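Multiple structures are listed underneath, in structure tokens.
Two complexes follow with subunit A in common, the first pairing it with subunit B and the second with subunit C.
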Partner chain A sequence: MKIGRRGFLSFVIGGAAGTALSPLPWKLTDDSSIWTQMWPWTPVPKDGETSYVNSVCTLCSGGCGITVRKIDERAVKIEGMKGHPINNGGACLLGLSGLQLLYGPTRIKSPLKRTGKRGQGGWEKISWKAAVSEVVEKLGNLRSKSQSHTVGFVSGSDRGTIPRLFERFLTAYGSPNLMRMPSVRDSYELTLHMMQGVQALPGFDFENADFILSLGSGIIDGWGSPVRMFRANSAWQNANVKVIQIEPRLSNTAAKSSKWIPINPGTETALVMGLAHVIIKEYLYDTGFILNYTNGFEDWKRLVMDNYSPDSVAAITGIDSGTIVVLARSFANASRPLAICGRGDGSSPVSLKGCTAVHALNALVGNVNKKGGVWAVSDTDYISWPEIEMDSKAAAGMQHERLDGAGSKKYLFSRYLMNRLPETVNSGAQYPLQALFVSGANPLYTLHDTKSTEKAFDKIPFVVSFSSYMDETAQNADLILPNHVFLERYEDVPAPVGLIQPVIGLAKPVVEPQFNTRHVGDVIIRMAKGLGGSVADAFPWDSYYSCLKETLNDNWETLVDKGFRSDTELMNPTLESSFDTVSGKFEFINPDTGSMPQFKPVSIEGDEKLYPLVLIPYDSIRLANSYIGDPPFAIKTVEDTVLKGKYVFVEINPKTARSAGLHEGQRVLLITPKGKAEVKIHLFEGIMPGIIALPRGLGHTAFDDYLAGKGINFNTLIGTVEDPDSGMDTAWGIRAKLSKV
Partner chain B sequence: MSTLDDHSKEIPEDTAGGATAAQSPEEKIKKQDNGPGGPIILFFILGLFASLIVGWIIFPKLLYSQKKQPIDFNHAFHVAEVENGCESCHFFRKDGTFSGAPKLEQCIDCHEEIQGVDPDEIKFVEEYVSKGREVPWLIYSKQPDCVFFSHAAHIKGADMECVACHGHIGESESLKVYEENRITGYSRDIWGKSIGGFKKNTWDRMKMDDCADCHQKNYAIIEKTGVKTPTKRFVDHMIEVVSPGSSISGKGTSVQTERDACFVCHK
Partner chain C sequence: MKHNKAQKFGMVIDLDKCTGCGSCMVACMSENNVPFRKDESDKFLSITWMRVYRLTNGKPFPNTDICYLPRPCMQCAGQHEGHSPCVSVCPAIATDYSTETGIVSQIYTRCFGCRYCMASCPYHARYFNWWDPIWPDGMEKYLSPNVSPRMRGVVEKCSFCFHRYQLAKEKAFMEGRRNIEENEYQTACTQACPAGAVTFGDLNNPDHAVYNLVKPDHKHSGRPTNPHAFRLLERLGTNPKVYYLSSRKWVRQVGDNYLKNEAKVKKPVHHG
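And now, the complex of A and B:
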């Protein structure tokens, strides 16, 4: 039979009718709608049992307690731990994005050995055994040649068992070169030592203060323990506590303060001296405290009265004298006023004279070691390990001066001066550094003057990084021995600097290690055992776990269970026991050095004629600025007036921009004596004319594609300025110019 | 050949002779009906039947692939061994969530060692228990991630039996073949064995309409659970539009609109 056109059509119509009467179209429609929910890029969380693990976040030095929610074996959310003495349920952006640092693409998955030239990214995977024996062999060789002192360790912190194991290792091995990364804590520690004769941490009783004078400290921009500061700040707002923010730029902290007083950058100490002048002149100081507990007041008073009248301070700071007088009165008349220093997130030290001036101002109103004041907090010492028996090699190695010059004749009381290391290595003035180990730090990104740091690293023959991530320092290492990330490891976390309660936290594994990484504590113990002799003897533990458990002893159970231990009873120091100076009193003038709190300008690099502008950094809680880079989630929150595509915006006052003929969004070349970079213009009324500002935390060359290559690393544009009293790097800015492209 | 040729010539001749013009329209149709295409109704029926066969018989065969469970499992035997019925293994966790298919953790008490000589048992212990690997069970009742379903609300809250949705699987002696929808990846049990979507028992299907069936049955459930079916909600919305606040099942969960939203059931 032949099928004609009509026959065919009726067949089709019949087919259509039949199809409509069959389930096919309806079922296919239903299925395809479900199919659209099944695309492989649509994330579908796995179902499973929910559990919670209490731990501590170690992404910054804030020490927040965290509760991690898990579904079966996968960590799915980090929350602040409720009832924790530091953060009580709060967490910062970085902490909340911590899971991306656990599961994200930037992790180092096994020990790596460099192939090809340094920094070129050629790596070969090696076994842990091979990696550790390579280190042991290098260290063994150096030691046998009596060069143990040429080995250095850089650590993000010097508190807790991990840094103490580094210290112990170096001592038993024979090197004095353990270095801590710089921060304003260095200035405070030295200040407490110079004025109160104690080796202690600064503590601030923010929760009980009723007037806060912040000399550029980014209270809600990452200063101190960030979440504690957020909470304190909210409490102040509710309790109508006055917060006065002194800085050249309207930061988030300034915007949320009771009053923002713009100041010429770098002149904060002059203001402090001016306030002291008014307070002394008007007899607003705490006479009881000054008479009974201080020494050298009269001399200092003379200095203050002779040099820092409100008018002369007004000329330096750009703040009018009336404002200075009013501020001084309200500070002194408050019942528990508190002044703090350390610009931005506090990652850079301030000059010793500047820090002692702030401390002297606090002393003037008598709020040292008392409610609502500044405390000298002695570190909770729960680590008691057997004495190290040094062999002759170790003893000889320890005799050498430190490479960074801390403790030398020039900088006798400074404990760590990591900022000086690049210069010492580059100048070759002392002995060469043969090997450097880096843990919990990323000096090639965070130190000022990146070029000089890179040059120094190039000179060190053997660089080992313990980083869990491919950061800038790891990129330039010879060997990477990746540590577990914070959610995979045990670690004790002492109370953050600034806290007055004695709190110990315990970070513990939330999930199994995801890759072939190892706890840095275990690696150190292995290294020591590999070296044998007295070095091995100094490490009687089989593993870091047993070392930690033994160290925490009675606290172990509580810590494992709760994640922290806190004594409600504060170590309320009596004023009588607070000062360990020769006079037994608070010293306005250091008896050893004769140095007095005063304003000595920290001059910044660059010729004013060539570089008419002043470039300063600013910090934001959205941009991690320490050894951890911003995870993808955090970088996404950065406003597009800060970062757009790969361009970072430089903030400039509209007046300054107008006179230079610059407009919003324009691409310009930012040039400083240290380097140049292409940036875009952002007009901002909140910055003083003549000053420009760049955010810190951008411009990574390492980490993942979400972070690398975005913006400029501020540290590549700034040099170091050494404080003559302490050796610390107190550069707060640099001269700069903008040129059109 | 010549005949055809001749015939084809004849037609123009007829036409030319004016015969066509003389034909009535009825005759014309008749002629066409009996023309070389054959009776069109036949083709229609052919098309109809062919597509019905494709739609009802061939399509389901193509749509589903047949998969075997990694190991077999005898529900009937286990139910007899345990004390607490289904909930002995498919239990509620402490936080009220439902555990679903058991993990090794639940099996290991009895199955640390091989029990008996059943090859599936041997495979279970050797391949999974001793290696600490979870059995990748194929879940017949797995729903898409966007479906929010609380076992606790139904079992504990509404006192329902497992059978109501899952049927008599607890009495089965071996696991049936898992028929996987090639498009969606879900089991055939969701749409139901009948490709036409017909069902006799409440457990024959697990689509949204099946939830609706039960939820729609009486307002008592709606009042108790606050959950409305899509149809009910639609009707309610219409009532709301015409006469606000007069719907029998009351106000919805949204504070702003006083209506329910999709996310009551859909994540």
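And now, the complex of A and C:
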């Protein structure tokens, strides 16, 4: 048979048409999808009985209530707890990705002892018994040599039973060296002490304020209790409350505020003084409050009137004097205005003069301990434990000055100065630190000047980490005693700083411990028992659970059942009882030190000629910046103008970039007096010319491949700047330059 | 038996309140077993059913402004209900429009990965699984049985948490009710939003908050009558069920492809 051209074409076309009309193509596409999809390795989550557990999230100090959905014994979803006084159903992205921290690969699965050199990642699994006895032996030796004071503890918090157990342990053992990680709370506590004579927490009645002046505080960028602030921010929108944001960069907070006023970085206090000037000059202040409840106003007034006219303030801040006058008037004329400070997420303190200036501004308009104002909140003290009976060794140890200098002659009223520890250890000026315990903190990542912190850690012969994750500090420890993560353990959670109503939360186990970890509370009790004598006697409990249950006493049932306890009846302090100073009044000038609110520039490191730019950090709620690193879900939300591959973007104004010949996406070397890093350029109109900004929370060297090696840790590029009044680290930036690669 | 009235589930996102915090993105990922990889900075490959975009007004310092815009699947109805851009091109009927709920489904086992729907979706709401999902050792424990994990070679997208609708319906049925209440069916992102910027409900039901926020004109393919409300790329005529609210004009304008100096909003062009 001869196949001609015509015949061939008919056959092909006919065949194609025939096949197309048959069910064959459809069957084949259907089958192909089945053949290529039914892989045995695609997980099929097991179904089971659904249940919910109420608990508290402790990934930050926000204190949000959470409801965890479980399928049989697995936790499958974290949600905000409805009806909770802090977050009422809302949740931040870190809390929502908490299960990745529970089941994630960065968990430390058993006690680990270092093998090989520090920081090289050689670990040997050991038993809990061996781990605790090693610690006990070390501590016992030091104590017998009368060196108990050379033991230090670093904690993320000093509130609640766990930090209090650390404190108790150290007191009974004989060391004054309990240190809390720095935050703007340090500045506020000191301010309240200096001006009101109280030892209290700052409280802000945001929900009732009707005018917010934020001096760079990232209201929706992680400042305070984040979800509470988100909710307050939305409530302000509904109620048309004015929010004025003062900072050199258009942050999310600035973008959401009613008005963003850019300011030369580091000059916020000058603006505050300028506002005070206008308010005093135009008699807009609360005369009743000033007359009846304050002391030293006249002297401060003189200082304000002599030095801070709108014109001179305009020259410092770069804000024109007309804007300053209008802002001062609208602040003073609002019925419940509120000024707050603490840049970004509030993880760095501000200078004492700066913080007292903000407090003085609030006092000028009389909104201290008042509805919609700043409160001095005395911590709800539900912890009453028997007195510690110190033996002679403990008493002798406690006689030593703290290594960080808090409470010393120079920094008498500061309570903790963790920022000073690296320098003290490195200089060897005081006694050497022989052992350091770290819990709920990651100082090797979060403290400014990473290199100096690393150097100090190298000098400490024995470092113990209680971390649940392989973070930077754990990586450089000698011994890791992994704590349960928050979804596996009981822990009381006091109301977050900034809240005015007393709320206690209880974190409780949602699932069984996944690995061979142990509650840090139990480990401390075990350590005390191991040391014996008066140290053991200070811990009459056989477990942390019994200690907690006994401590919470009558609240226990409610807390286990509901997850929180909140007293709706607010104890509004009367003005008469608010001031515990010698004069019984609000002190504009501290009588002991003569310190007065005023603007003293905090000068940053670097020579202007060598480093023409100023580098500042910025915070984002999407980048966890505390001891917890971003889990995979959270890092996934980071934009590609912030992080691309391993490069972080430095924000720069197009004008500045143009004059330096830089363009979007270009790789450059960012150099500061402290270090250098390769970064990419991101042109951003919302940043002041001459300023560049980097996000905090990136550049981890520890944790897992989902987080490590992405971008640069801002703290490696910045140094510390010690506030002469408080000893706190008030560095807000550093001089920098960009050079092409 | 009397049939229920057709529902039209929709979402209203208040961009004045949205802070760009990303809670909606993560709530969605953890609710829907969305996979993740070691490097997620290439956003063309990063699977985010809900993605928050950052808009800027492009003005120089200090008149710059930022607005965040969360983008789930728009659940387009098209000009004739069911004529969504993606549904009308899918050769495998792997994606379909439900006239009962107004939700565009995605059936993974039917999808054979031609990605025609991705090309047709003007919102980039659809994502392709270029790789098999990998959960690091132990992390599969948190996977929810309500949503099946996807495999390499299929397209996925936001479902308005359809499994939550199914669960709510089941519960109502067990209790002898035919209809579900507004609060019984809420998406994970709505629930998680700490700013209260997201509202979800039935756009056909005048008692629901979403209806009252935008006052949709159903005679004109659901166009909002609230002057502050807008939909993305309104002029394409996709008839989306996600509405945005903003008091800022520049934000409302970037919601559509406006030409420079274009003054008036033109009527939507009707396609198909």
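What to note about this one:
Following the convention adopted for this analysis, the second predicted complex is superposed on the first by the 700 of 741 C-alpha atoms of A that agree within 3 Å, B and C clash if a C-alpha of one lies under 4 Å from a C-alpha of the other, contacts with A are read in each partner's own complex, and residues count from 1 in each chain.
Simple rule for what comes next: a contact is a pair of C-beta atoms (placed from the backbone, for glycine too) under 8 Å apart; a residue touches a chain by one contact, two chains touch by 3 or more.
Bear in mind that the values here come from a model prediction, so they are computed numbers and not experimental data.
Legend: residue contacts after superposition of the two complexes on their common chain; A:Val741 is shown touching neither subunit B nor subunit C. Of the two partner chains, subunit B is the only one touched by A:Val12; subunit C is not. When both complexes are overlaid on chain A, the residue A:Glu49 reaches subunit B alone and has no touch with subunit C. Once the two structures are overlaid, the count of subunit A residues touched is higher for C than for its counterpart among subunit B and subunit C.
Once chain A of one complex is fitted onto chain A of the other, the partner contacts of A:Gln37 extend to both subunit B and subunit C. Judged by the touch definition given at the top, the superposed model places A:Leu291 against neither subunit B nor subunit C.
Look at A:Gly4: by the touch rule set out above, it reaches subunit B but stays clear of subunit C. After overlaying the two complexes on the shared chain, residue contacts for A:Gly80 are found with subunit C alone; subunit B is out of touch. In the superposition on chain A, A:Ala239 makes contact with neither subunit B nor subunit C. According to the touch criterion, the shared surface of subunit A, contacted by subunit B in one complex and subunit C in the other, consists of residues 30, 32, 34, 37-38, 44-45, 47.
Within the complex formed with subunit B, the subunit A residues making contact are 1-19, 21-24, 26-28, 30-32, 34-35, 37-38, 44-45, 47, 49-50. Touching subunit A in their complex are the following residues of subunit C: 16-17, 19-23, 25-27, 29-31, 33, 36, 38-43, 46, 48, 52, 54, 56, 58-62, 64-68, 91-92, 108-113, 132-133, 135-145, 148-154, 191-197. Only residues 29-30, 32-34, 36-39, 41-48, 69, 71, 74-80, 87, 89-93, 96-97, 99-100, 102-105, 220, 226-227, 230-231, 233-234, 237, 250, 252, 255-256, 260, 262, 514, 621-622, 632-641, 643-645, 653-655, 684-689, 704-706, 710 of subunit A touch subunit C when the two sit together in their complex. Residues 32, 35-38, 40-52, 54-56, 59, 63, 93, 95, 97, 99-100, 144-146, 181, 183-186, 191, 195-197 of subunit B are the ones that touch subunit A when the two sit in their complex.
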